[in-house]
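Both complexes below contain chain A, partnered by chain B and then by chain C.
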Partner chain A sequence: MGNDVTRRSFIKGMAVGTVAGYFASAGLSSTVFKDKMLVVNEPPKVDIGMVKSLKVKVISETSWFSNKVLLDDLKKAGGLLVNQYEIPWTSEGVKEGFQGNNAGGFSTLIDVELMDGSKKKILLDTGWNPVWMEKRYREEGIDKMLANNEIDCFVSSHEHFDHYWGIEALTKYNTKLPIYVPKGFYQDGFDLLHGKAFPKAKVKNDYPHIGKLTVLDSSKPNMIYPGVALLTFDVPIITRVFGEQAFVFNVKDKGIVLVTGCCHMGIITYMEYVKHHIAGGDKIYGVQGGLHISPFEDWDPQYDDLVLALHRYGIEKLGPNHCTGYVTAEKMLAAGLPLIKGTAKNGSKRDIYLGNGDELKFA
Partner chain B sequence: MEEERGESKSKYLVGTLVGVIIGLALWLFTWKMLILAA
Partner chain C sequence: MKNEHLDILWLETRNITNLLKQPYRGIVGLLLSFSVFLGLWWIFMDPRGILRWYTPQYGYMYIRWLLIVAIWQAYIFDFWPFSPKWMETTHPAQKGLILTGLNFALTGIVIWGFFYAFMGKLSMPYLSWPELQKLGMTDFFAREYSSLAVLMFAAIASWLSPIWPAAFENYPWHGLQQPAKGFTVFAFTFLLTTYAFLVFMHPHYDVLFYPWQIYTAAFPWWYEFAHTLSGNFNVGWIMCGTAAVWMVETIWEKYPFCLIKTQPLRGIAGFFWILFVALLLFVTFVFMQDLVWGDSIEGAKRIMAPDWRYLHTGELAVMMLAVALVLYFYFDNWPRKFSTEVNLLVRTVIVIVSTFVVHYGYYAVSPGLLGTQAGYSHPQQFPMAPVILFIIVMLYHNWFMDGWPGKRITKKQ
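On to the complex of A and B.
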């Protein structure tokens, strides 16, 4: 009888102890011992080196002249997922357009001085409408720079019509310029580079590229020069485009500067990648380029959170344009972000952010 | 009778202690499985 009672007591105690021990361990490991139990294995940060100075000049941020015409083209073609090379884009009769064509383009010239004193010029994107792009190239002297081999390389941020289809305006002056494209370029993009025409989309290239072409993947930051890296993001983008790349510079005495084309990967994704993978990425000094928040001047309450989240990164110079949208710029100003104003010339409609011909220095 | 009750209580406490150790081991096993699955 006595033995039965003590055995039962032992089993009862063990049952209670097991349940209590299990839940107490669970509780402690997720609170008091959280840091020991939840070890985050951060990958080692990549030191990209340093540059002395950086200057960015907006050649064209007016990708198209009428949002309504562009949206109508997309609707008529069947929506946002239709292959961009299959869309009959409006190229005539647009009142706000350039010579009636709705197509403009995005392109930026990057001037960088390396630590050894040598200077490099990089052309980021080459717009959409070759006639518009050539006009802007002439106005900014890019045509001569290309012809005189003063530009060191061309970087295509992604294959979108407004960033890449003006390739003819570039190859007309230099067919041998080294080119970097992100992994994800479709064969159509390579064919266009090498001279194929796409009549339905009204895009062609009469000056096939014969220089070095490098496809960059997303496995690691891709070094272009010391202090200059390209980050490639495997991101699906509307109108059947895949992959986008953007720059990271480490400017001496200033810190990390990001320069983007269109930022379809999302500005937060981009900055978080830099924060976790690039040495010095904890503090982002400057951001320039398209941030892809409200390209059609639409607004969603979640974008308010996005704008406020930019405060976390300690940005000192913010130079967005293009697909960032004017409404986003207004929100950024209201939120007290250090937005750099433009001059609203050469076709840019407002001075609320950097426009065509405007420069931004990080040095 | 009193002696029996005392012995039963001490066995209960020993059982609880053993149970806590088993509980801790079970949780660590669960945790490891969660980490491996993640």
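On to the complex of A and C.
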């Protein structure tokens, strides 16, 4: 049929097609049309109740001591997608390490006073290297609290090596502590909890947990105590980890406070979820914990998007550390965000944000 | 300038004889390509496999460049220095091995020679793994950052390199002989690619390093309307452009601009048509993601991040391209029996529907099959990598091996 088409008819056809196509695409993506198709039914907000006061103590935010050693381990193993239990992590001969071991760990103690005056202690994460974690636990009195049943529950933010593999430092003192993990834990994670060793990754647990274990999913906010909820996010994470959970507290006279382990879901996504699903979520008073922005002091322009967008949320107390990264902290300070400084003691390298042994009160 | 076709590629002049009937020919060819793809993925990329280069950027970079080099070999150099006679008489398996070996070797030379030892060393260090290392960056990120830059160059080349032979039929150099024609078109399209890289990607590196390199690169000019500083905005629409070039070339048979009888008008119309299709795919894919996952949020990560949504438009476009090439290479561009318009429409519908099936299937099986992480928006994995590798294997099979054993080249009378 091609030979019958004249230049005039071809140009006419092209013009009609182009114009029609343009309006079709512009129509599809126009705000008016989009708004009509993207009708968002705001779900009813969940009232999680209220707490009187909240105190967060950083037990250890130094997950590893040498970025270079950790990244070399990852590179040798095949990059960021390799199963963490299959990586032969360096545990000897690291100059900056603890007793030569590059592994440290992340762990936080949360002290919360409920409205009826009762107090609860929650341990968030157990770090990586049990020897380092035990040292930090002893220095902060966590070992005695565990042994004396003063800690009410243990919450694992996610299955990553630096947040969970130090479980032995906890079960050594208390094998019956109620545990909450997010949906997404692999069988390996449960096996470790119950005493299995993973020699290749140099991780073990000689004190199997025998207490109650609860797996929390992302279908709704999971209430722990009145005024205290856990939110689970179905996020894929490096080294084959899946799923992370983080805290929401509603602090009397202050507002919502978010406490995270590593925040792989992203702090903006986390805050947006709270804003749309939790009563009082419009006012986020404080944020504490790892924000997973530049954990290896690496960078991506997307992280600048985040730093620039944080202003819009009106956070009054910002206490990040750990995987937030020093570069991010410097950028946050330059952007005028209310970053809370630390004391750079107990192994934390800089005082630019909260370090090991530092405490932050939200009431 | 009255010629219907100014320049005809060797690929278009091949006499191909079918050795198997359909659908067996298509199924056998597809299974063969997919098996080779799985083997290559396991050897070079799989995080559980042998070399584990999918770290992810390092392996992804090689995949990107294998594609560009294959396009250079077949479309720009028309298989020079191999003679048409050699191409016609050599056994497909032997020919495939030699041309694929050359493809691998040239890819290595481009990356290690042109980028690492030349461009990265003497112009922009971020184009070289060893140079970034020398500047004090950790080995892992020196490799990942430089790989990202080098593969972004390839992303643009995958759009611009084939445009000249496909749309402009190498005008105004169509009269030259190889290798003069190949080197001229190569130099010209590479120059265009370099300009495009400087405009669309270099600003990404202004903000990638700390502090911002404001005297070296422009601030990402797309930030105000794209709501991200990431160059993924440009990667998204440019990959839609790559898909558009090849869909125009294959399932759409260059229609309708093939009806224009003169160059460069045909090429200009083709170029803008490809650009238009690219932008249409881009806005449509962005909109579809908004419908499924809700509006993206500035500053958010992963599935809610604007930059990931843009990147995912490119991923969707590449899946669409893979489906189009399967239809073209293995199922004889079915249907062919209706009018051109109806044929094109039916193929387009098949490709659109199949794209969504492939999208669903990819995320359902890739963790087990390819060793990738479950979930849509893992920040360190790119479905484009395996899908492009599969496309490359299809190109090896159909360009370098004439579709053997389902087909075989025969001598021209």
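Operating definition for what follows: the second predicted complex is superposed on the first by the 324 of 363 C-alpha atoms of A that agree within 3 Å, B and C clash if a C-alpha of one lies under 4 Å from a C-alpha of the other, contacts with A are read in each partner's own complex, and residues count from 1 in each chain.
Simple rule for what comes next: a residue touches a chain if its C-beta (ideal position, glycine included) is under 8 Å from a C-beta of that chain, and two chains touch if they have at least 3 such contacts.
All of these numbers come straight from a predicted model, not from anything done at the bench.
*Asks:* May I ask you to decide whether A:115 touches chain B, chain C, both, or neither, giving the answer as first, second, both or neither?
*Replies:* In the superposition, A:115 contacts neither chain B nor chain C.
*Asks:* In the superposed arrangement, does A:223 touch chain B (first), chain C (second), both or neither?
*Replies:* It touches nothing on chain B or chain C.
*Asks:* What is the contact status of A:147 with respect to chain B (first) and chain C (second): first, second, both, or neither?
*Replies:* The answer is neither, since A:147 touches no partner chain.
*Asks:* See if chain A has more residues touched by chain B or by chain C, and give me that chain.
*Replies:* Ranking chain B and chain C by residues of chain A touched puts C first.
*Asks:* Looking at chain A, which of its residues have contacts with both chain B and chain C?
*Replies:* In chain A, residues 2, 5, 7, 10, 13-14, 17-18, 21-22, 24-26, 29, 37 are touched by chain B and also by chain C.
*Asks:* How about chain C: which of its residues touch chain A in the complex?
*Replies:* Per the touch definition, chain C meets chain A at residues 47-49, 52-56, 58, 138-141, 143-144, 204, 207-210, 220, 227-232, 256-260, 269, 273, 276, 279-280, 283-284, 286-287, 290-291, 294-295, 297-302, 304-308, 339-340, 371-378, 380-381.
*Asks:* Using the touch definition from the top, list the residues of chain B that touch chain A in their complex.
*Replies:* 4, 7-9, 11-24, 26-28, 30-31
*Asks:* Touching residues of chain A toward chain B in the complex: what are they?
*Replies:* Residue list for chain A touching chain B: 2, 5-7, 9-26, 29, 37.
*Asks:* Taking the touch rule as given, give the residues of chain A at its contact with chain C in the complex, in rising order.
*Replies:* 1-2, 5, 7, 10, 13-14, 17-18, 21-22, 24-26, 28-29, 34, 37-38, 40, 67-68, 71-72, 74-75, 77-83, 86, 234-238, 240, 242, 264-266, 268-269, 272, 296, 298-302, 304-310, 327, 330-331
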